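Contents: one structure, followed by commentary.
Each chain gets a letter, A, B, C and D, in the order it is written, and its residues are counted from 1.
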Amino acid sequence: MTDRRPPTGSSLTGALLSLPLVLFLAAAVAWPLASLAGHALSDPGWRAVRQVLAAGRYRTALVNSLGLSAAAALGSVLLAVAPAWVLARERFPGRNALRTAISLPLTFSGVLVGFLMVVLLGRIGAIPEALAYLTGRRMFEGAAYTVAGLFLAYLYFELPRAVMTLESAFRRFPRELDSAARALGAGPLQRLLKVGLPLAAPALRSTLAVTFSASMGSFGVALILSRRFTVAPLEIYTEMTGFLNDEVAGALALMLALSTLAVDRLLSVGKR
Amino acid sequence: MKVHVEDVSFAYGREPVVSSVSMELPEGGITVVIGPSGSGKSTLLQLLCGLLHPLQGQILFDGEDVTGVPTERRDVGVVFQSYALFPHLTVRENIAFGLQTGRRRFSLRSSRRRPTRRHLEERVWDAAALLSLERLLDRKPSQLSGGEQQRVALARAVAPRPSLLLLDEPLSALDARLRRTVRAELAALLRKLGTTTFYVTHDQEEAMLLADHLVVLDQGRVVQAGDPLDLYRRPQTPFVASFLGEANLVEVEALPSGPSPVVPVRSHTPLGSFVLPGACQGGWLLVRPEDLTEDPCGTMATVLDSRGMGPHDRVILLLDTGTEVLAHFSSETAPAPGTKVRIGVRTRRPHFVAHRD
Amino acid sequence: MTRKTFLALSLLTLSATLAAIAAEEKVVIQYDCIPNYANWGGVTALYKKVAGVTVPPDPKGSSVALAALEKEKDSPQADTAYYSGAIGFLAAEKGLHEPYKPKGWEKIPAALRDPEGRWWTVHTSAIAFVVNAKALGGAPVPRSWKDLLKPVYKGKIAYDDPTWGGTSFTLVYGVNELFGGSDKNFKPGLDYLKKLDANVSSYPRESVYNSVLRGEIPIWINADGNGYKMKWVDNGPVEVVLPAEGTFTMPLVMGLVKGAPHKEEAKKYLDWLLTREAQAEFAKGYFLPVIPGAMPPEVASHVLSEKEYQRARALDLARMAAASDALKKAWTEQIRGTGR
Amino acid sequence: MRAATGFPGGLRRAGIAATVVLALALLTPIVVTATGAFSRAEWYGQRSEGAGVETVPDLFRYVTGIWGGALLRSVQVVAVVVPLALAIGAPAAWAFRRRPFPGSRLLESAALVPLSVPGVALGFSLIQVAGGAPRFALLVAGHLVYTLPMVVKTVANAVETFDPRLESAARSLGAGEWETAARVTVPLLTPALVLSALLVFAVSWGEFNVSFLLATPLLQTFPAALYLTYTTNSFPVAAAATLVFLAPVVPALLAIQALGGEEFHRGLPA
């Protein structure tokens, strides 16, 4: 290991160069979020917060968001492990093309994913139509609008994110450790359990955090697909624009942000 | 365990890395493979431990073909250049790792049982004691110095008492001073263990110190193998001569007519006349710097440069015949630059490296 | 690309962008301007052609438009808004409009305009079942509110969320009156809608015109005109049904937003919307012109008979407006409910 | 030849097969949509755009006709967001590695926090505190919040991988602080800066959560317009609009892959 400590320079230069970032974060993140929290806390008796946490639509929306995001995060990470490992560690023709294909949906907004879902699994979707043509029976009609369809759509936009996050973690994973385990007599399963998974644990956790956060904030998928099942961002939007109920929208936004941050913190415990 | 490598070849794509290498690792001895970078020595190690599989040839452990046997069933211990310590495990857990795996000999003949808990602790402790790691057992690798990491890697490799120990430049990540002390300790330890050992290095001193059997590799081929001192004294190619220590290679012209091949002939060289093998078709006279000495009857030479190195002085001389040579003189007698000296060769029968076709 | 070209290019795009932002095109902002509703797409395209002014599409329903205007009261973004009658009435009541009497104002029937010009009707419509017969999967076309409760329509019905759109607010309020409720008593209507809920697939908060046309939604309770347009203009397998028990007419109104950022352009636009030309364009979307005589004859021949329309009753906008917040809240709590 | 992956052949083949299946599963909806845009298949149903939108060129003309403004807005937003994100993020990232100051570590992790704040929540609170500010500025701020972390991470990683002695060498050769920055640091960081720019572009181009909440009729970005198209236009038009959206994304992605966009995963729109 070569010593790469930075040459001693003025830390004032550093502070000055970071100043725009500091100012921006303060103005566009800290201030709005603090005001959001301030509103909720200065509200006598925390009425709006209590309203959100009381049984009913808002709480259901929050719980739905948490559940759906957790399911999407877990599902996408589980499904992403093998492809991420293959992309990171195996050499075969077409690997880069596969990676590009998998990363394409990363730029899709939720509404686009929702639309793709309707194209495939709407009442007149490609899949039910194809199945009807092939089997003569109508199946999966309107599946896009069910909770299962919503989950599939969340998986669709979380999977590329999960694969890319895990892949870059796996690529940093020293190849020699696997050789060392083999030389010490460990078979494939033991290597996976005793070396692979423990070493991958931080990456798996941070991938869960990334996908979970993205799902919690997502709004477009539910906007297009959600029929009866509601999620927190959708309720925030409804309260804000449909009911002018800024207090509840604010409390809901605060709860959404706090629960996302809390889960993120929880997942990063023990990191580094 | 006796290991035979028979006509083994390996290539990355179309680039040959190891080309029909054959060698024999003496049982219980240390075989050191030395060669410049890219000579295929690490690849050879990976072929021996089964991380790579040869395209051609066989590897035999005690006469049994293990060519297709996966690494985990070969009963080998490996110390990697980067150590490859498991960062998520403590020193204790790293050392215990190989004792808890389903390590099996490639044949069921000597299959080992998993040790009991107490037995396991004893074995870890033994390995740790062997390398003075007792006080570090609960640390994580990231909390260790380079030298400590090196010892843990070794302890981990030897703890399961493998039949073959493979070390891939284990000292190259250490700084020069540490390398020298560790080198001596390592030599003592490996001798004490008495395990058949395959050791890869590019450092000549390390090789001389450790090797029972020395193999010089160049461009994927074995150039010469044998007793280390023998290789030093009697290299068969200029490459081996200059790779193992400093060498003066003085060109000797072929004799115009070949007398009887068995009759030694005298040949004149810039450093004097010597008895050479009769079959000589030309070649080089190998004179190690320490073999040159001041000799009142010797060849006239001018001192170009002289520098005290401690144990000896390093003197560069220009012979009057126009050849430049390097000599190691003892410090008391070393001449100053610019002076003229007469030099000669200590031995009457220096080594002759013949031209090869 | 060298660093210099890279820098130069970024600077160029940046300045071009800023210039483009600075150069304002002529626009009028209308909240609730959904291209597929009442042929707003055709009307705004025509206005662009005749006046060169852009009226960008806007996805807000009436209720959302009202909410947005209220929120932006101190710095209005919109020039005008389009609502179903009661919501526009409420907006005027809340002081969000400034009085303006567009040219042709006096031709509007007195009941369909505010005497001070804070709102006026641009066209009218009636609540109807818009049925994609092909998507019904063999079930008969429903003829009455009672029919809609039959299990055969499970998952086939949708009406907009009344907190989003004014059309469905009219529907929710009207159904309540139809079944014996009043502006104080929402129970009869909500009881019916609760039963209907078993068959409802969604309460959209966006225009679902194309979903109905494609058959994604087989039965949509919405304005009759949208159904006629699907049938006659887009050639969809669509039937418009005025339910047997009765239905409700709905004036669609506009007003000039107080503090409108493009006030003069907005006035010209609002004037134009009452011209025969604009009114005929609305009629192409089968929303009845409010100016007498603007209805093209072939459009008139496509709609259901006058006799059928006798079942459509007018609702009291003032009372509807007064009940609006409470009814929307009750609907949200009891029907949209817990978001299951 | 078998590489030393330690993966038995069967497992390796299964893994590759799983990867191919995943890629196909992700691409299928896009392919179906794209063919949908150009097909006249009966199940796509009736179209509501009226006459004159029959052929494929008609579709794209129609899309650019109604959403040309939104397309221009998106281009404008991206054109402002990309240079701003670089200007704010890159110097800070360099400072974090080369001129650390008290609190710089904290600041660096603070820059990543917004990734865990749902866009709707942030957009809502932005409107609450700065509702009077020009919407365009709010929109740019919203996009910056979600793109700055990538610039900071990408540039900081790049700074880490080049030897600080290069800068010291320049200083020892008599270059001042600014000259060193201009002649050594910036050229060495150019690949990272280009990569950051592409990442910011890709994210900003697709951002919906904040954009939709901050949208006004005059300030529709293309993703917000896509939402309108999905709800108000017929299927072929919606599909064509989707393809218009994808057109610049694909080359950007290819370029990102070529440059090794490791940090691409962080903070993409959802």
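Here is the rule we go by: a residue touches a chain if its C-beta (ideal position, glycine included) is under 8 Å from a C-beta of that chain, and two chains touch if they have at least 3 such contacts.
Please read all numbers here as calculations on a predicted model, not as lab measurements.
The chain with its C-alpha centre at the largest distance from the centre of chain D is B.
Among the chain pairings, A-D comes first (most C-beta pairs in contact). With each centre defined as the average position of its C-alpha atoms, the distance from chain B to chain D rounds to 54 Å.
Centre to centre, using the average C-alpha position, chain A and chain C are separated by 36 Å.
Centroid to centroid, with C-alpha atoms defining each point, chain A and chain B lie 54 Å apart. Inter-chain centre distance (chain A to chain D, centres taken as mean C-alpha positions): 16 Å. Shown for chain C are the residues that touch two or more other chains, namely 206, 214-215. Counting partner chains per residue, chain D shows two or more touched chains at residues 4, 6, 45, 227, 231, 235.
In chain B, the positions touching at least two other chains are 46, 51. Listed in rising order, the residues of chain C touching chain A in the complex are 60, 63-64, 67-68, 70-71, 135, 137, 155, 161, 163-164, 201-203, 205-206, 214-217, 328, 332-333, 336-340. Touching chain D in their complex are the following residues of chain C: 1, 3, 6, 10-11, 13-14, 16-18, 20-21, 27, 29-31, 33-36, 42, 54, 56-59, 74-75, 77-78, 206-210, 213-215, 229-230, 233-236. Interface residues of chain A facing chain D in the complex, by the touch rule stated above, are 4-7, 9-15, 17-18, 20-22, 24-25, 27-29, 31-33, 35-36, 39, 79, 82-83, 85-87, 89-92, 96, 98-112, 114-120, 124, 126, 129, 156-157, 159-161, 163-165, 168, 171, 175, 178-179, 182, 188, 191, 209-210, 213-221, 223-224, 232-233, 236-237, 240, 246, 249-250, 253-254, 256-257, 260-261, 264. Considering their complex, residues 44-48, 50, 66, 69, 72, 75-76, 79-80, 82-83, 131-132, 135-136, 186-187, 190, 194, 216-218, 220, 227-228, 231-235 of chain D touch chain C.
Residue ranges on chain B touching chain A, taken from their complex, read 46, 49-51, 70-73, 75-78, 80, 82, 84-89, 97-98, 101-104, 146, 156-157, 160, 166.
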